[in-house]
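Let me begin by handing over the structure; questions about it come next.
Letters A, B and C mark the chains as written, and numbering starts fresh at 1 in each.
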Amino acid sequence: MQRMPLLVLCIFATLFLACADRSSTDTVNGKQVINIAGSTSVMPFTEKLAEYFMLEKANFIVNVQAGGSTAGIQASMNHTVEIGMSSRELKPEEKSLHEIIICYDSIAIAVHPTNPIRYLQMSQVRGIFSGKIRNWKELGWLDRKIDAVTREEGSGTRGAFEELVMKKDEIDEGIMVQDSNGSVKEVLATDPYAMGYLSTGTVDRKVKAVAVDNVAPTVENVKLKKYKIVRPFLYLTMGETSKSVNDFISFVLSRDGQNILKKEGLITVHDN
Amino acid sequence: MTINAAQKERVIKLVLTFCAFSSLLFLLLIFMFILIEGLPLFFKVGVKNIIFGFKWAPTKGSFGIFPMIVSSFLVTVGALIIGAPLGLSCATYLSEYAGKKRRLFLKPALELLAGIPSVVYGFLGVVYIVPIIRDNLGGSGFSLLSTSLVLSIMILPTIISISYDSLTSVPQGYREGSLAMGATTWQTVYRVVIPSAKSGILASFVLGMGRAIGETMAVIMVAGNALRIPTGLLDPLRTLTSNIALELAYASGDHRRALFSAGVVLLVIIMALNYIANFVMKRKIAK
Amino acid sequence: MRLNPRFIDRLVKIILNAQAYFTVGILVVIVFIIFFKGIADLNLEFLFYYPEDMGRHGGIFPAIVGTLFLVVLSILLATPLGIGTAIFLTEYTKESRLTRIIRFGVESLAGIPSIIYGLFGFIFFVNKLHMGWSLLAGALTLTIMILPTIIRTSEEAIKSVPRNLRLVSYSLSATRWETTTKVVLPAAAPGILTGIMLSIGRAVGETAAVIFTMGSSLRLPTSLMDSGRTMAVHFYILAREGISMEMAYSTALVLVLSILAVNILAYYFMNKVMKRYS
């Protein structure tokens, strides 16, 4: 017990030393650190890019966090992170940020794999999410309520969906909300009567994307500008960027980086 | 080492006093910051518009959290309807009927239920309870019913342990007197023991309510998070807590302040419940 | 029609018995499900490798380390504060308005839900004090959260140390501090340890407060200012995003086993206390 004050002293010393580490902005253990945060749509792809980047350049550490497009924008504005990720266009008051389009992504309307519906009109999608169309039988299926799922407010994907699909109509309040592409996909994959929208890059065997106005959300259709529900994935930086950040961004925009994104189902900047 | 022993004692007492006051300091800090962030919006938009507003669209200027307050209460009542009788039954069994060996095994087992993290409860709720409701009762399964079910299991340990303490502190003499007059065990329990332990049992219900209203992670996973007041057991809903957790990371400006305002409301409700519970318990001790 | 009271008595006993076993049954079912579904992928690789592909494959080593660091740090900070408070309330003051106010503070802290701790930690440690999402922010938040438990159990433990021990110590002209540290605390140790174990269990399972203060980075946290995941956070993300059911179950298994282990240790210490004083 006599050693207690000594113990407390040690704790404070450790805390102090650890905090001191932070002041040398972007190096930890001699490695360059890049902090990236923002859109949950962009995040998994940034993670993939980061994995490859760190394989090539072992002296880099890339930290990727979620938080949503709005959070990413805010975080890069007040320098909490070096790069912010956004899956929606910047609002006028956010324009002080430097935008870099890293790729394009479309938003797919998706349902459970056993759902027989394959085609929907844009107006029907709008009707479903505004609450006007409530039952699957109105679309030609069985008599069962549509379990619609939307993203939360502040989500870049939702913002893009509202702008490109809903237009003036508001998303109905009685619709379920999930806070990431992954969790929307989970609902669609487990509830046979569910319908939702998510980043096409996230679509896999667990869900089925429907064609909107007879156009399927394929990479081809987006390149040909036939599929209209498309939004850019943005990296945002504020002011001067360090060499490490520039290195990472160059990698993302390079042939190698874009190929990684292409393999994931995204549309590269070169093609658009 | 000629430090005066009395001086040393004084320093130690000072350090210990500081330790003790740290709790108060932290409490103050928490209240202060939540209020600093949460109160301004009440003044800017109006208390009525927030607490009684029906529309939550914070990026467009609507900050009504009434549906969420109602939903929070609904799931809590639902959890109590299922959890209170079950919890009280378990506590009664443990206290009045179970033999020493059974008690030694059952009581820790029931308390271990409290150790399971809320996210695990939520996960199991999504994987098992939600599909069962969806396939047998209708709707998407993400509903008031599923949330109440999950929450009821989560508040069981609280209700059981506090009710048990209450029941066991009823003097044995009461029971003996009743039995001596020819009453059966159940009659004794029902007419004598439980009424005597009434305040403690009620307190356990109130604390269970507090726990249910404050639960976040499990609720997000099974409630569906829709913004409307549920009109039926199978409708999805969003509680105050889930709202905060769902949007905190994405929110900025007035949106974030609105979440803190919701936090203020939540804090007030839960503190009120806790004080009611404590007050009820103290009345019992005063008896 | 009046039913025979003895019949009702027996019936009630059966019903109550059934309910009690039903409730325990819930626990058993939960543990069984997690055990059998999680054990499949639980191997050394799971425990010591890094997650790949957002957690779809590989292991959960960073999450285990994150949990360890976070919990150890929180306990290190909360224990001296908690025991100090308990000592103050029991050995150094009489019951007075002062102690009632302090107890009020402790009880209030205990009643605050974890999401509010998350809110507070986020706005205070992460933002105002510019710690960002970090181990430090998480630990400081958790420290305040587990403090009431440690204070309560320590107080109980210290109070139940028989007065005689103290009187003997004083009669040998020990100072109050010497008595406290050399006689009372060692005697109260099992009870105090129970509280610490319970707090560990709580901290390991905590999610809401941790996710908003420590963040959810997949990297291995190597410094106090690093963000990271705890097992509970990792599990939550795996489950919600539907990344991998198998990984989720296995993570849940490690999570639940750790908490069960800690709780069983707590009971072990509590029994030692009972034995000593019965």
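In this section, contacts are C-beta pairs under 8 Å (C-beta built on N, C-alpha and C of every residue); 3 or more make two chains touch, one makes a residue touch a chain.
Every value quoted in this text rests on a predicted model; they were computed, and no experiment measured them.
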Chain contact graph, described as a line, ring, star, complete graph or other shape: complete
B-C or A-C - the one linked by more C-beta pairs in contact: B-C
Distance from chain C to chain A - Cα centre to Cα centre, in angstrom: 34
Whole-Å separation of chain centres (CA-atom averages), chain B against chain C: 17
Residues of chain C touching at least two other chains: 80, 240
In chain B, residues with contacts to at least two other chains: 249
Shared-contact residues (touching 2 or more other chains) in chain A: 66
Complex interface listing, chain A residues touching chain B: 66-71, 74, 145, 147, 152-155, 173-179, 187, 190-191, 193-194
Chain C partner contacts - residues on chain A that touch it in the complex: 1-2, 4, 7-8, 11, 14-15, 18-19, 21-22, 28-29, 44, 47, 61, 63-66, 80, 180-183, 185-186, 189, 206
Complex contact set, residues of chain B against chain C: 5, 8-9, 12-13, 15-24, 26-27, 29-30, 33-34, 37, 86, 89-90, 92-94, 97-98, 106, 108-113, 115-120, 122-124, 126, 153, 156, 160, 183-187, 210, 213-217, 221, 241, 244-245, 248-249, 259-260, 263, 266-267, 270-271, 273-274, 278
Contact footprint of chain A on chain C as seen in their complex: 54, 76-77, 80, 132-133, 136, 181-182, 185, 215-219, 222-227, 240-243
Residues of chain B touching chain A in the complex: 55, 57-59, 67, 130-131, 134, 138-142, 220, 224-228, 235-236, 238, 246-247, 249-252, 255
